[in-house]
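Letters A, B, C, D and E mark the chains as written, and numbering starts fresh at 1 in each.
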Amino acid sequence: MSYTGERLKIVVRNLNVYYGKTQALKDVSLDVQANKVTAVIGPSGCGKSTFIRTLNRMNDIIPGARVEGKITLEGQDIYGNNVSAVEVRRRVGMVFQKSNPFPKSIFENVAYGLRINGLITRESGSLRERIEKALADAALWDEVKDRLNTSAFELSIGQQQRLCIARALAIEPEVILFDEPCSALDPIATAKIEDLLRDLKSKYTIVIVTHSMQQAARVSDLTGFFLLGEMVEYGLTSEIFSRPKDKRTEDYVTGRFG
Amino acid sequence: MIWRAVWTSHGPPSYFIKGPKGMKFMPCSYREWVIERLLIAAAMVSVVIIAFIIITIFRTGLPLIAEVGLFDFLFGMHWRPGHEIFGIFPMMIGTLLVTLLSMLISVPLGVLAATFLAEVAPDVIRNILRPVIELLAGIPSVVYGFVGVIVLVPFIRTYFGPPGFSLLAGSIVLAIMALPIIITISEDAICAVPKSYKEASFALGATHWQTIKNVILPAARSGILAGVVLGSGRAIGETMAAIMVLGNIPAIPDSVLDPIRTLTANVALEMAYAPHGPHRQALFATGIVLFVAISILVVISNRLRRGQQL
Amino acid sequence: MISAHEKIAELTRWVTSPSTHEKTARAVMWASGLTVLAILLVITGFVVIRGIGAIDLEFISAMPIAGGREGGILPMIVGTLCIIAISTIVATPVAVASGIYLTEYAGTHPLSKIVTFGAEWLAGIPSIIFGLFGFAFFVVLLEWGFSILSGGMILACMILNETIRTTQEAIKAVPGSYREASYALGATKWQTVSRVVLPSAAPGILTGVILGIGRAAGETAAIMLTAGSFMALPTSLFSSVRPMSLHVYLLAIAEIHPGAVARAFGTATLLILTVLIANLSSRAIKNYYTRGLRQER
Amino acid sequence: PPEEEDPPAEDPVEERLVVGGSSSVYVVAVLLAERFMEKHPHIVVETHSVGSTAGVVGAHEGTFDIGMSSRWLKGDEPGWGLGEFVICHDAIAAIVHPDNPVENLTMEEVRKIFLGEITNWNEVGGKDVPITVIIREEGSGTRGAFEDIVHEDIEPVPTLIKIGTGGVRAAVAGDPSAIGYITIAALDETVRALKVDGVAPTAAAVLAGDYGIARPFLFLTYGEPDPLERKFIDFVLGPEGQDMLADEGMVRVD
Amino acid sequence: MSYTGERLKIVVRNLNVYYGKTQALKDVSLDVQANKVTAVIGPSGCGKSTFIRTLNRMNDIIPGARVEGKITLEGQDIYGNNVSAVEVRRRVGMVFQKSNPFPKSIFENVAYGLRINGLITRESGSLRERIEKALADAALWDEVKDRLNTSAFELSIGQQQRLCIARALAIEPEVILFDEPCSALDPIATAKIEDLLRDLKSKYTIVIVTHSMQQAARVSDLTGFFLLGEMVEYGLTSEIFSRPKDKRTEDYVTGRFG
């Protein structure tokens, strides 16, 4: 389903994913539009995480996972023969359900991606600037600027999550995937992250998985509803929540199950 | 529809780019490729060592078994290397007896202690006992043997009659040495039983002991058995302590107070005196028997431990 | 009569009641736990109380006289240290690399099963077999003779599995989320392993190495057949030495001379202390490390 | 040849001499080596106690520069072309616990005890306790010599087998009902040597031919000894070495 | 808060629960009515599980957990001096979030509680009947009657969960506690369990913890809303969802956070 007039960032066609013998995704096709927030909702185990992890080939590291179908990023097949997963992940960043900073300092957490991608070899002077910018973009700079060298674990969970976002932003990906980024957070931290998501979409394309319909309604422009590995419905968020076309979507968004 | 095998370790290595003209390297992946090969090489070292052990020992020992005959070697009642008579049956029996007897002592004690540690002990005791058991495992076997010689052997000689160096002394010493293994592996197995079983049982109004007896121990059974098997492996394989307290007579004992000789002791006792010829070969052949026995135990315990990972 | 019946019935009820079972089982388990504790206290207590008196500066710094009946045990200490050093230096890199391969690379590859089983097998092999192998291979075939090198190499083979296992455990204990985070930032596998996984696992690996040292210090049977038993300070890798454990053994089987027995107790005490220190320090490292982890949560 | 003193400065290169074999000879060899090393600080003499057979083979195969044996060469060993040096003669003493009242046994009684035909001390005038027969392990030179002299080719019936001279001594010292055998060099206050046919095991008795259980201590070299080996052998055969051996109760050969 | 005209089964007064130093429940007072379904809702970590586990003293087995306050079951203080936890748990059964059958046969799973409680010593003939009845009550009999001796692990997750319910029913408790019994189930299995809950309440008193507001609305008569260890509001389910008295409850049930 493409919505005309919008630039397509990622195009997913006939995606099937298997874990060993069990099929986790069945024939999913979906277009992710540039500079929009796309939400993926659905009951637990429906394949939301599986889906977004195919977008940056994070499923590669799961033994036994097998991906069929075609996914293009800016027209290029990310599972193509001469494309490396490493490169894909550099362009498509990811933030996880539980904040997972490295056991390093705040500074080194953000610097990590820059270092391993060799982005700071030439002018090392710019390193600090880039880190400041990333932290500022993640709305964390003011809270941590005086203690960049303390351990990331000394931050609150909400701050840790924003640190993870800053870390993802630092390498300037084109797309950022969020897998239930707020499920471990309290309401206030959640609100901060949601604000941030709205800010980020001017620069990045965003895909977010959430188990909270309310959150999807609050932050996303488009929503896809998944059920038992299938994508049941995909469309503008406002329409999905007010005029769902599919009975199952309606049952779900009105709370009849889940 | 495009098919890509994603990461399966034995699928096509992802560092290769299969172009139309066959394989070519990607520059940054070349390093990854080399590193993986190096790691594989390191990982193969243990397998290589095993292979070397097998080759070395079998090469020296097998000709003798062939010459004496497997049956005569295994079931011969007499060991007289000076006369080139090589029968290890008494030693096999000795090893078997000392292992069984030591297990008889250590298994009940070990499993109960493991259950105690995992389920009953208050934190204070647990925090003392765990390191103690680790220490017990780390104490060199010569120290056990030494204490056996200084304390246990005279004790048995005085109260049960000479010579003191005996199957009984050996079994006690080996039992103590096997305890830490049995306890730690059993405790691991017990702790690995999903907490949900315990909760379910409690929620049905079971007492703690009922839960342990009916749910936890049965669920941990194969892990505990693996511990017992490994413990007997230690008893079979133990050398120094065995030599020190067992008396080393290659004969089938009439009572627990008689001395015996184990297979390991046979090798260690006479190796120095058998620098060549059939005697040395016979000791290597003893080593083969020991090796095969231990290997069987390793396989069994391996299977058992797999068994618990449902 | 009736009251007797009642008494029997009451007794039966008491014997079969779950709460009686509970109490009995509890008592038995406590007894076994305490027995194990007592065994250790008796053994170490006995050795240490009789041995600690023998340990003084002279004991650890002087050469032995009259076959160890008098004088100190300097050469045995040095010999033990040399053998441990060689075995640790040789085994650690191999074990860490194997551990990395098994946990991070092998996946479900059949090779991983072979290697895991190989390591497990290696762990089960009695030390006397290692001794036979070391004797036939290092001492005779490679012509290294009874030497530190032969002893160190055979000990390296023997501690390999333990170190592989602790490395594996340490690496497995590194949260998967670290790896995911690293991969998601475009890191390659080796970058992830070397920059994120290994630093986090380092304390655990160190713990394993230290425990391995404790084990190595006590090994006797294999050493006897590979390092010889010569009581002198080593001058090269090819010198024969008599490690402390072997010294205890030789004194214990052959001596009732009071001087020798006191020295055997002293040496055994040193061995126990070595193991104790190894255990305590590895525990301290582990605690320190898990405290760090707890902060994370 | 007279001992020449060579200070370390003259010959700073460290030399190593590996001596190994019989555990009986080892008892005296350690002492000899200690004295020798005092006199020649740049020479290290490694001594290993591994048994006579290993000593013979070690000398032949080159594991040892000098092999030690406490029995004559036997079987095909004499054909290996080893240099053979008798450094002294030794008596093997039958030993018992100091508390054992038995003082004297006939050769025949010793034989019967070790063959299991006499099993209680009261048969030879002692207390009513079973005899614990302790012998050396297979391959030991002492055992070889003892069996050759006392009961020829018949298997002994031991109740314990102990490693090394010290092992037998320690076991006898710990068990009032035990009997074993060791070189007289290793006798100490913890055990008592029995008279055999009324003769105590001493160097003099051996020299006089009165005590029957005697055997030589041999040094073996591969072919002709090289200068370093020669130096040590000469020291042992020289007056100082022989004095030391005599002090240990051995029968001198000079 | 007691609702007059109803029989009270469990009365909780001023309950405080601590794990070591952290307080998980703060001064909770609540009445559980007989033959009703009481739901406990609230965001993750608010103390729902902690609360329900105090009702059958399952917290006793958590090291470091400490319970203050008073809980009575039919007027008897369950933390009283002469009351054994074992007895309390016999009367107050529990079903857990993840189905946890024993690694035994279906039959033995249900028989377990009977055996350990010595309920089958006399007339063994009745054992099979009691098991059949329990399985029938849990709406599982028809599906398993031909394979009572196969391993419980061969059942589907939804069936396993019903087996756990049957196991709890077999010893005929007075109250059954459900801790998120459906969170691992698919919508169809969930529907089955919910039907079952409605059936069971004629015979049993039921307390259910759920993270799904929809589920609470569907199955419960009364609902308690917990937040950060406090019970914010407790009342008839219909009122809680339509006319919450507390602002925080309103925010939660309308999806403004969580």
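What we mean here is this: contacts are C-beta pairs under 8 Å (C-beta built on N, C-alpha and C of every residue); 3 or more make two chains touch, one makes a residue touch a chain.
Please read all numbers here as calculations on a predicted model, not as lab measurements.
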item: Centroid comparison with subunit A (C-alpha atoms), farthest chain; value: D
item: Cα-superposition angle relating the copies subunit E and subunit A, to nearest 5°; value: 175
item: Pair joined by more contacting C-beta pairs (C-D or B-D); value: B-D
item: Geometric centre distance via CA averages, subunit D-subunit B, whole Å; value: 39
item: Whole-Å separation of chain centres (CA-atom averages), subunit B against subunit C; value: 14
item: Whole-Å gap between the CA centroids of subunit D and subunit E; value: 83
item: Separation of subunit B from subunit E, taking each centre as the mean of its C-alpha atoms, in whole Å; value: 47
item: Multi-partner residues of subunit C (each touching 2 or more other chains); value: 18-19, 107-108, 188, 253
item: Shared-contact residues (touching 2 or more other chains) in subunit E; value: 86, 116
item: For subunit D, residues that touch 2 or more chains besides their own; value: 63, 162-163, 174
item: Footprint of subunit C on subunit D - complex, ascending; value: 14, 16, 18, 27, 30, 44, 46-49, 63, 162-167, 169-170, 173-174, 188, 190
item: Subunit C - residues contacting subunit A, complex; value: 107-108, 175, 177-188, 191, 195-196, 199-200, 292, 295-296
item: Complex interface listing, subunit B residues touching subunit C; value: 7-10, 28-29, 31-32, 35-36, 38-40, 42-47, 49-50, 52-53, 56-57, 60, 108-109, 112-113, 115-117, 119-121, 125, 128-129, 131-136, 138-147, 149-151, 176, 179, 183, 207-210, 212-213, 230, 233, 236-240, 243-244, 264, 267-268, 271, 283-284, 287, 290-291, 294-295, 297-298, 301-302
item: Parts of subunit A lying in touch with subunit C, wherever the complex brings them together; value: 56, 58, 61, 63-64, 86-87, 89-90, 93-94, 96, 98, 100-103, 112-113, 116-117, 151, 153-154, 164, 167-168, 171
item: Residue ranges of subunit B touching subunit E (in the complex, touch as defined); value: 123, 194, 196-207, 210, 214-215, 218-219, 310
